[in-house]
Amino acid sequence: MLVVMGHDATEADIRRVVKVIEEMGYEARPMPGKQRTAVGLVGNDGKVDSSQLESLPGVLQVIHVTQPYKQVSREWRPEPTVIDLENGTRIGGTDVVLMAGPCSVESEAQILTIAHRLRAAGATILRGGAFKPRTSPYSFQGLGVEGLQLLAKAREETGLAIVTEALEPETVDVVAEYADIIQIGARNMQNYPLLRRAGRTGKPVLLKRGLAATIKELLLSAEYILAEGNGSVILCERGIRGFDDHTRNVLDLTAIPVVHALSHLPIIADPSHGTGIRSKVIPMARAAVAAGADGLIVEVHPDPDHARSDGAQSLWPEQFEELVEQVAGIAAAIGRRLAPPLAGVPA
Amino acid sequence: MLVVMGHDATEADIRRVVKVIEEMGYEARPMPGKQRTAVGLVGNDGKVDSSQLESLPGVLQVIHVTQPYKQVSREWRPEPTVIDLENGTRIGGTDVVLMAGPCSVESEAQILTIAHRLRAAGATILRGGAFKPRTSPYSFQGLGVEGLQLLAKAREETGLAIVTEALEPETVDVVAEYADIIQIGARNMQNYPLLRRAGRTGKPVLLKRGLAATIKELLLSAEYILAEGNGSVILCERGIRGFDDHTRNVLDLTAIPVVHALSHLPIIADPSHGTGIRSKVIPMARAAVAAGADGLIVEVHPDPDHARSDGAQSLWPEQFEELVEQVAGIAAAIGRRLAPPLAGVPA
Amino acid sequence: MLVVMGHDATEADIRRVVKVIEEMGYEARPMPGKQRTAVGLVGNDGKVDSSQLESLPGVLQVIHVTQPYKQVSREWRPEPTVIDLENGTRIGGTDVVLMAGPCSVESEAQILTIAHRLRAAGATILRGGAFKPRTSPYSFQGLGVEGLQLLAKAREETGLAIVTEALEPETVDVVAEYADIIQIGARNMQNYPLLRRAGRTGKPVLLKRGLAATIKELLLSAEYILAEGNGSVILCERGIRGFDDHTRNVLDLTAIPVVHALSHLPIIADPSHGTGIRSKVIPMARAAVAAGADGLIVEVHPDPDHARSDGAQSLWPEQFEELVEQVAGIAAAIGRRLAPPLAGVPA
Amino acid sequence: MLVVMGHDATEADIRRVVKVIEEMGYEARPMPGKQRTAVGLVGNDGKVDSSQLESLPGVLQVIHVTQPYKQVSREWRPEPTVIDLENGTRIGGTDVVLMAGPCSVESEAQILTIAHRLRAAGATILRGGAFKPRTSPYSFQGLGVEGLQLLAKAREETGLAIVTEALEPETVDVVAEYADIIQIGARNMQNYPLLRRAGRTGKPVLLKRGLAATIKELLLSAEYILAEGNGSVILCERGIRGFDDHTRNVLDLTAIPVVHALSHLPIIADPSHGTGIRSKVIPMARAAVAAGADGLIVEVHPDPDHARSDGAQSLWPEQFEELVEQVAGIAAAIGRRLAPPLAGVPA
């Protein structure tokens, strides 16, 4: 439930609304906006009698949020959420953002080489796994904190922002220390302690849709992060489980306009995991942008044939350059643009 | 298996290859091409000893087709199939083709009204069901032959080509009499007697992917049509069964580049059935073209709220005009163009 | 909608109800029962005003059927449908029926050999494909009418009833001439002209669930047969499409109690197609009977390694004997029994 | 890779094998068995040259494990794993084990009442959630440690063993302190830090299959636990995501014989989550046992209509009694028996 205050509502009016909500046994969340302030009533509001709130001074209207997710819904917040990164990248506005990099951080040479290439090609965010969730316990599990340090070094040299995955609540804080965006992977979409801890860091969170997750479940997982007071969530469609072995997953691009209708949060697409095949990444990157994606996250490796993970779906750097050119054209065709490349000379 | 003849192979050389193949107990299918002639050996060729064929005069090489589908494969025919309709529309080349119209033909006024609107908007092919496959026996089943006659009248008035569905082998011929393209619906993708009969008409066939069909199964169903000597097949991705009720189906756009890699046949997309929601048709139409679709088939109705079937996913005519404008931009961004509108003044 | 007549309703009362329904523009279907007669109102009855019917003499009550399927629903007919075959087998009562045989009829020796083995093991119905729907046009397509004749010969020699598939409307009548039960395969579950034609033969119809069919869609397809006045429909769960390649399909056994709750029609299971692996057929046959299946249809071949189709999932005859023994124990444990073996000496 | 020692191999022989494996850069895991000792070589063994090991004294043979999962495979350990609980229950042998209880522990009265009923009905293991993973952040999240204490009290009073879920690595140890079996829920099947931490406790782990997990992925997740030296893993089929809303999930019972063929680990079924509907729990419990399940985990609540979670799928206590009776009959029919009820008078 959302209590919308009028233009002329005073601070005292707002405080009174908060107090009444709390007396009713719920949590109140004031949300100052450009035009007006609203106060959210958080929790299962099915049984709340709104008349008590409607009659308070300064209250314009009370909006009942019909979905089980509340703060992520468009009813709660009609304008799109825009997330500003320190390097100037804005996610969720008219810009289409490019995140790219290797599946795993493997070495200083690898990550620095690719970071420079990607920056030159126009990416503004560097992806790279330091903690890797691997299906087999015998596969390479990532460089851990050393990987995070190498990512930080790449940021220092190039200005690229860093997105990297956190696997467990205990290491969220160390990831948050190095990353600009904390990634929650598809396998952990319903790892609620992890979501909560990531929410509490206050850092932007990239939340990937689980392989069998409905859109409602995705939004409810995002709600866990917003319920911690962190509204900087970027959703990501990365393919759902399918029955055809021609592709690794089924990239469900319709999820993009569906999410945009239901939620104010930005949503990007991952054509690398979504297809699992290098030659399909570029066409599906184009399709994702055409469908309205607010960005892409793409696996690019300086030498995919020798990648320690996900080589078969990683682009060669020159393919990424081609991707940038093609999606720039698509973005322009629908009245958007790629997020502007970083200014200045890299170190 | 494909026996490729050299540039200087004579008619007698070709006849000898045919004869040897037939003596081996297989069927031979000569395929004269622009550059060279090839002779296909049709049937399960796993055990064929190709050495006998390789040594015949005029034979350049023998290509083993590794897939269970043969004539639909890129190995069999490297260049894309282009299908020329009488009204000048070319399907499978660089043009992106627009097929549009109501789910069902309902009346003369309805189909003529919409046909004129669609032609004016730039479509060159009119869709409309006369024989409708309906999940319930108590739903409207289409106008039958009367529907076909109304479609023919719309073609006469507007020049639009007609695509309409055939439901059973017995009525394929009557559909072929009126239609420029015979549609085989998703429910009938593995209705083999229907595929065979459609193949024998020689008319172009639009084959929709079944809800649970793998791409291999789709191509093998197309093979049934080519095996009848009819190479004019247009494939169509129209959504697979999914687990999320936000959309009617999951539009699997990755199927488009996958099919293009495996087969020379054109493939289009149906964002109407693929999403089931009017507001998602335009973004997914854009995405399909960005992914490389050779065309779109879209449900448009003059008055969707009163449509006798599929109203919820049918566009209003003005939305179709918007769709055309948007996909034209996408096509241009990837170096293609919309199929040129029909010239001349409609009757 | 179902108009239930009182015990003392006269023939004239019933005729009047029929007349009023027809005057309302619907079709009336009188259904004399053991205890009472009911008159079904067929068609979309969402808008029918039932008060007119309720006040007619002899009318006890008017039941609104809430599902889109009508005549297949439990609301329409509370008692289970029991189908009596000429050889004494009863499908849909307390007996658990065994249908078994090869995927395809291959030769007289093959079908007679296996028929005798199966009869001796306790099966009462012989399965065998004469018209085969094959994914590839180059695979063995069945012996056609010759296959039907061989099945008839096997029936003559053993007394086993025959179930075999019809693929197209045009050949339904010839299949009906030879078969005791007409099978509609999973690929044709929504081939409505075929369903209608099979319905019109009056013969029992075995309707297999499609790979991506919901239970509602399965019941609506059955409704097409009942709408032709043929109530002898046996449903069959045979596996739905899944994402795991350890099995060919996912045998959805919960469909059995779900169907029993929604419909009065019998439902059997096909553990051969449902798993696709010989070693999994017996455990899943046990599970199906434990879940409440009214019968099983199982592929058994005298020499599976040389079967012309589906060899990998066909049981050896001795495995079928083991299956019979095991499912007999399961049936007994839940208060049912296997359908009694055929009496008398086979020719 | 598994190095199998001969009957007459000495301790020194075994130590030498361990040493050589470690010198090769792998981890060695000696596994003393009843008949013979084996030494496992853990890690990706694709490139290992086994000849060096084969020639060592005392080595009988070297078995290459062909699957990506190693220690969970039947190749690694041919005999079934049997897990002995302190209260005498044995999981994985011929006994079929019954785990039952409410979705969530709600109060002392609730859990003690149901525990006594379940013990009287024949269950030997009590389930009940203290830490609950809930799709919505606003749903009841469980009583936490208080819930664990109530479970312990129920064990004290009834002798029932306790199975309860751990949600995050940090609380695994406190769960292990109270529980006899640590449950890893479906959402956490690929939460690798959680699997590792649960493995390290040495306590038996109940690992539920994820909604979209293949059987290979399930076994690889189990491998994470075995890789920590903990072989007491019980797998659980609890339904996969499906497309039909008649059931909450699709209970994939074929997974049971498939797992038994691939792995030595026991596997049980959860017909409550697998169907989501109270009336389908008993038939699917019967089917699971008929398919070969080593046990069942069933939701039972003293008052399902007022359950704080999963009420719609929870059995009434008297329904559980009926379930016990029915599955006892099924177990007997396949030569198994229910695990014997606990002896002695409960406190």
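Read from first to last, the chains carry the letters A, B, C and D; within each, the first residue is number 1.
Definition applied: contacts are C-beta pairs under 8 Å (C-beta built on N, C-alpha and C of every residue); 3 or more make two chains touch, one makes a residue touch a chain.
Small disclaimer: the values here were computed from a predicted structure and weren't measured.
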Most remote chain, CA-based centroid, reference being chain B: D
Chain pair showing more contacts of the two, C-D and A-D: C-D
Whole-Å separation of chain centres (CA-atom averages), chain C against chain D: 38
Geometric centre distance via CA averages, chain D-chain A, whole Å: 35
Sequence positions of chain A contacting 2 or more other chains: 212, 240-243, 245
For the chain D and chain A complex, residues of the former touching the latter: 42-44, 68-70, 133-139, 167-170, 187-188, 190-194, 210-212, 217, 220-221, 223-224, 227, 240-241
Residues on chain D engaged by chain B in the complex (per definition of touch): 241-243, 245
Of chain B, residues touching chain A in the complex: 212, 214-216, 240, 242-247, 250-258, 261, 274-275, 279-280, 283-284, 286-292, 326, 329-330, 332-334
